[in-house]
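The two complexes that follow have chain A in common; it is paired with chain B in the first and with chain C in the second.
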Partner chain A sequence: MQAHPHTEQDELKVMGAKCYQCGKCSAGCPLASQMELSTSQMMRQLQLGNYDAIYRSNSLWVCVACETCQSRCPQEIKIVEIWDTLRNRLFADKKLQRKYATKGAVRHILLAHKIFLSNIYTFGRIFEPMLAAIYNLRSGDLFKDASKGPSLLVKGKLPLLPHRINGIKEFQRIFKNVEKYRAQKG
Partner chain B sequence: MARIGVFICWCGENISRTVDVVKVAEAMAGVPGVVTSVEYKYMCSDPGQKIMKESIKNDALDGVVVALCSPLMHEKTFRTAAEEAGLNPFLLEVANIREHCSWVHENKEEATKKAIAITRSTVERVRYNLQLKNITVPITARAMVVGGGIAGIQAALDIANGGHEVVLVERTPSIGGHMAGLSETFPTLDCSQCILTPRMVEVARHPKIKLYSYAEVESVSGFVGNFEVKIRKKARSVDTSSCTGCGICQEKCPQKNIASEFEEGLGKRKAIYVPFPQAVPNKPVIDRKHCLYFTKGKCKICEKVCGPKAIRYEQEDEIVEERIGAIVLATGYETLPATFFPEYGGGRYPDVITGLQFERLASASGPTSGELKRPSDGRRPETVVFLSCAGSRDLAKGISYCSKICCMYVAKHAMLYQHKVHGGKAYVFYMDVRASGKNYDEFVRRAIEQDKAIYVRGRVARVYEKEIEGVKKLVVKGADTLLGEQVEIVADMVVLASAVKPSVGAAALAQKVGTPYDQHHFYSEAHPKLRPVESNTAGIFLAGAAQAPKDIPESVADASAAASKVQILFSRKEMERDPYVSMVNSDRCFGCFSCEAVCPYRAISRKEIKNRSGEVLKVVAEVNAGLCQGCGGCIAICRAKACDLAGYTDQQIFSAIRGFNTTSTYEEEVVKK
Partner chain C sequence: MDIEKREYAYYPGCSLEGMAKEFDIATKEVFTRLGIKLSELADWSCCGATAAHYKDRLLAYALPARNLNLVGKSGKSEVAISCAACFSRLKTTTMQLEHDSKLKAEVELVLEEKYEGGVKPLHILEILMQSVGTARLQALVTKPLKSLRVVSYYGCLLVRPPEVATFDDLENPTSMDKIMECMGAVAVDWPMKTECCGASLTLSKSDWVLNLVEKLLREAKDAKAQVIAVACPLCQANLDMRQIDLQNQKRIDFKMPVLYFTQLMALAMGAQKEKLSFHRHLVEVQSTLGAYLNQ
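Up next, the complex of A and B:
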């Protein structure tokens, strides 16, 4: 059996320290059945500073941030904020990505996330055919969901030409500012 | 010129290890006004005290400083010794050179300097000490107990059996409190009413107890030993002296669909009613909000059927005055209503009930005569889910504390349920089981092992209704945190062990009485460990769940403790108190009465200053020494600097502060004076 690691105190651990493991978050979570670690187990791992276990489980990526857990938490812990920070940490850290995000569902989720954002960056909104095409190419699963294409086309749900929003330049500046801010923060 | 003696203690090695005691004594000997300065190995020993006593007589001292441990330890010892030697005890002060100096420092040189400064400062202070006298206050040996639950009943009986008169004030029509409504009690499962009702009857029959039921405390003035209490006797609309309690009025009353408070809303009562058959006093009350005569102007059936003609529609609230020496607050608790829990469907689903409602369902005297039935359709519940910590330990709901009694009554409920519905399934969702009490944990184990209650560790997130085969069921969504899995239970009934909080009006009563309460409105005790049943206001005592969540044995123990404190107070005709109270200089006071506004003990009154011909020259503030607790609020607010605290006058304090900064050989300011 693995001993409890004693890691250094950090901001997230301080936020997690209030958790007394009542399990109300896990009880209400609509995606709990898909998670390898339940919400309260994730909080426990966080209290111990066991980030390895947190990133190894799929829970961070299954969570849809519906905030049911957070709204019910009797200790008023900002659970979703904690998870967002955990995801951002991984996203900003190539080393962590190599360790935890090179295979399986996590890789696909991260890929989709990146392609989605680059799509938004280009058009200011989603252009579905391009999103699907790039995702299928890069994930290697070329014909994923391809059979749904024709019926979506017939119903007019898939536009043939992209639509750019007005003021795309200003919009893209937001992205650049975020990048700049990230670079500053290191 | 003052004649001050300084006595410095070694305290074995405790002080002398880090403080050069001889040096301190030498330094003090050089201070103007100090006639004698000696050190001794143990000042608190008999020979040590003797040195001081003899010096007081021989050197004709008019001020004494003893430099030793904290005044909490030995101030009383030395003041008593000083008094024996013929010195006013309040002319003696303690300089704390142990806790404040030797114990917390290592460097001997620096510590000695500090010890000199502390002692010197105390010498400067003692110059201005006044000859004070303890205050004596006469005591009315008559107690008032507010609240007629088990705590109030026990306190009233104990005080009355001690030979003192007791006034018991109960807000509802009958005494008995929550305990009268409980089914069986943990951890013995004895019937609650069977053990309570003899006590209730004893209260009614006791010659020393005056019971005001259906009455509330209107106002309290005065101070310890001398309270003047006004009690509002709410209009009962029934003349209790002629009513025989036959019950015919209740039988004939046509207004019958009123939710009964005693049955926690699960049963019905009439508009004229006795809350429950064993009520004390067993006299009915007309509920004027629902009575047809009071709402529509006609009916009067009760008056017609009443044999002894005891109905009094015209009766009005009556204010009675009582002189009281001590007050016991035993106002008890209530639990959060089911409607407080929207996520559990409280209020929307009739089968989501609170623990107190379950007590009534399980009680043989309850609305179902002790048979367990669902409130919605009267079916036997085959599966019941008990949720502990409903609202307790829940910051988001504003209740951070543990309600303490729920773990035990939930186990009891699970047991009672199993005894009444054989083969039924009882689930208990819990976070922790806190069963610390004699035979308590054994009781919980019994619920799990013998009565097969299934304990699931986790908090429930949601309860919703679902119709299964034509029957409305409740789906409980929880988690088993030990397995790390979600749990869904289809139940017939959900019982919330809802959080305990003080009764409605607890804070308002505390304000009337002038005693502090905490952020949850529980009454504050004077010391959490050493004075648990006393409040910070002299003469006000606390009993039962009004102070914190408590179970029956604790409430009873509390009540007896409070009763014993009351009897200690009543054991003397007069009581003595420290003279550290505020004094008002009426020459300076110009009557702004800011002090009156800030005084938390209502110790400030107004005094008229008249000339010889009786004309009022001005109105000034006056301190009632019996009420004043010496908090100093008036002194801080007084813009005329007319208020001062005996024993801690401005002159004493400033002189003491100055004492820290003067060298021990030259004392210009004092010499000038």
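Up next, the complex of A and C:
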């Protein structure tokens, strides 16, 4: 993990250091049954600085940021913030993605988030029909939820045409500027 | 300020233009009846939702900041928000940028404009409970939802994290229940008020969402609820749409209508059929609520 400055990693370890493994986070997690490492196990790995174990687990991506763990943590550890930082790192690093995010649920969940972002980048707002269609194409799960398409259309649930915001250029510049800023910071 | 002369900037959020159009229609109907003006923010953009804060912290604050600046430019200081997730993102941004000057400078750099601040994001539930109040709501009821058993489902972001969602209790919220009681309904207590529905996993891992939704619906059924009231477009979509999957894949038919709480309010206030949009739901609504419409 030489790609990341040690200072930032140490900062995360400090944030996680207060965890005394009470397990309240894991107990309340609605998606615990799908996670390869429970929330408290993830916190322990963080304390050990074992980022390989953290990224090998699907847990960062199974988490939907419902905030239950963070709200109940007796040590007031900002669990979701820590996990966001870990997720941000993988998003920014193609090498990490190739190593840890090319298979199974993690690949699919990451793909969904990327498609969501490219959808808003294009229109400035979400255009739901295209979000689902592109996800199905790119995930290979072509007919996922397709049976509901016709009834959603009949019910007028799905808009037929996207709305592109007027300020789309300045909106897209926000994305580009973030990329540029990150590249400069290295 | 006299609430009846009040005007808010209004941020509908992306879902309310699409899948959750009925939430938008019903919310505007209720506020019109209250005499409160909701002025839709010109050229608002997506808040970034979950995906933005997973990808990049800076992007996650910059996208809401663009909208917060638009509120300021419109001359207003309060923005009413229907979607629980949009509310959470916008409010988190105001709080974070207020005390983190380094982040604020970074946001201004990528926005290419100053972040003005001073805007207060409010969820519509918060406005109805705290600025309007139950007495005023009750006074507008013409078709009370007598003996209708409603469970209120708050989900995640209306109550969590508690430093952001400050208007109700973290583990046992009651604001929606109180509004339902005002509408003449029976607010039924149940243990799943703040459990998660699986949220954004609906796109990629809908089988996991199905498990969570099944648990929620089972508890609602066990509590003898006739409808579930919600205040979040993603909760509504998951609870309503996934009932079709439960029928097809597991042969379980809950027949549980899932309505936005403002739809139920509009019904009790005597709104016309087209403002209620019952036809837009995948689980049939008419047989449960038709009687109230025609009374």
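As a working rule, the second predicted complex is superposed on the first by the 176 of 186 C-alpha atoms of A that agree within 3 Å, B and C clash if a C-alpha of one lies under 4 Å from a C-alpha of the other, contacts with A are read in each partner's own complex, and residues count from 1 in each chain.
The rule is simple: a contact is a pair of C-beta atoms (placed from the backbone, for glycine too) under 8 Å apart; a residue touches a chain by one contact, two chains touch by 3 or more.
This is a predicted model, so every value here is computed, not measured.
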*After aligning the two structures on chain A, examine chain B and chain C and state clash or fit.*
fit
*Classify the contacts of A:A112 with the two partner chains as first (chain B alone), second (chain C alone), both, or neither.*
second
*Give me the angle at the C-alpha centre of chain A between the C-alpha centres of chain B and chain C, rounded to the nearest 10 degrees.*
80
*Determine, under the contact definition given at the top, whether A:K24 touches first (chain B), second (chain C), both, or neither.*
first
*So, A:G124: does it touch chain B (first), chain C (second), both, or neither?*
second
*Is the number of chain A residues in contact higher for chain B or for chain C?*
C
_Looking at A:H163 after the superposition, I want to know if it touches chain B, chain C, both of them or none. Which is it: first, second, both, neither?_
second
*Determine, under the contact definition given at the top, whether A:A146 touches first (chain B), second (chain C), both, or neither.*
neither
*Based on the superposed arrangement, let me know which partner A:L137 touches: chain B (first), chain C (second), both, or neither?*
neither
*Touch check for A:R87: first (chain B), second (chain C), both, or neither?*
second
_Smallest separation in angstrom, by C-alpha atoms, between chain B and chain C in the superposition_ = 6
*Just which bits of chain A does chain B share with chain C as contact spots?*
68
_chain A partner contacts - residues on chain C that touch it in the complex_ = 14-15, 17-19, 21, 43-46, 48-60, 62-63, 66, 106, 109-112, 156-157, 160-162, 170, 194-196, 198-201, 203-206, 208, 212, 241, 244, 248, 279-282
*Show which residues of chain A lie in contact with chain B when the two form their complex.*
20-29, 32-33, 37-38, 40-41, 68, 72-76
_Contact footprint of chain A on chain B as seen in their complex_ = 343, 389, 393-397, 431, 457-462, 477-481, 484-487
*asked:* So in the complex, the part of chain A that touches chain C is made up of which residues?
replied: 30-31, 34, 62, 64-68, 70-71, 80, 84-85, 87-88, 91-92, 105, 108-109, 111-117, 120, 124-128, 131-132, 135, 139, 144-145, 147-148, 151-152, 155-159, 163, 165-167, 170-171, 173-175, 177-178, 181-182
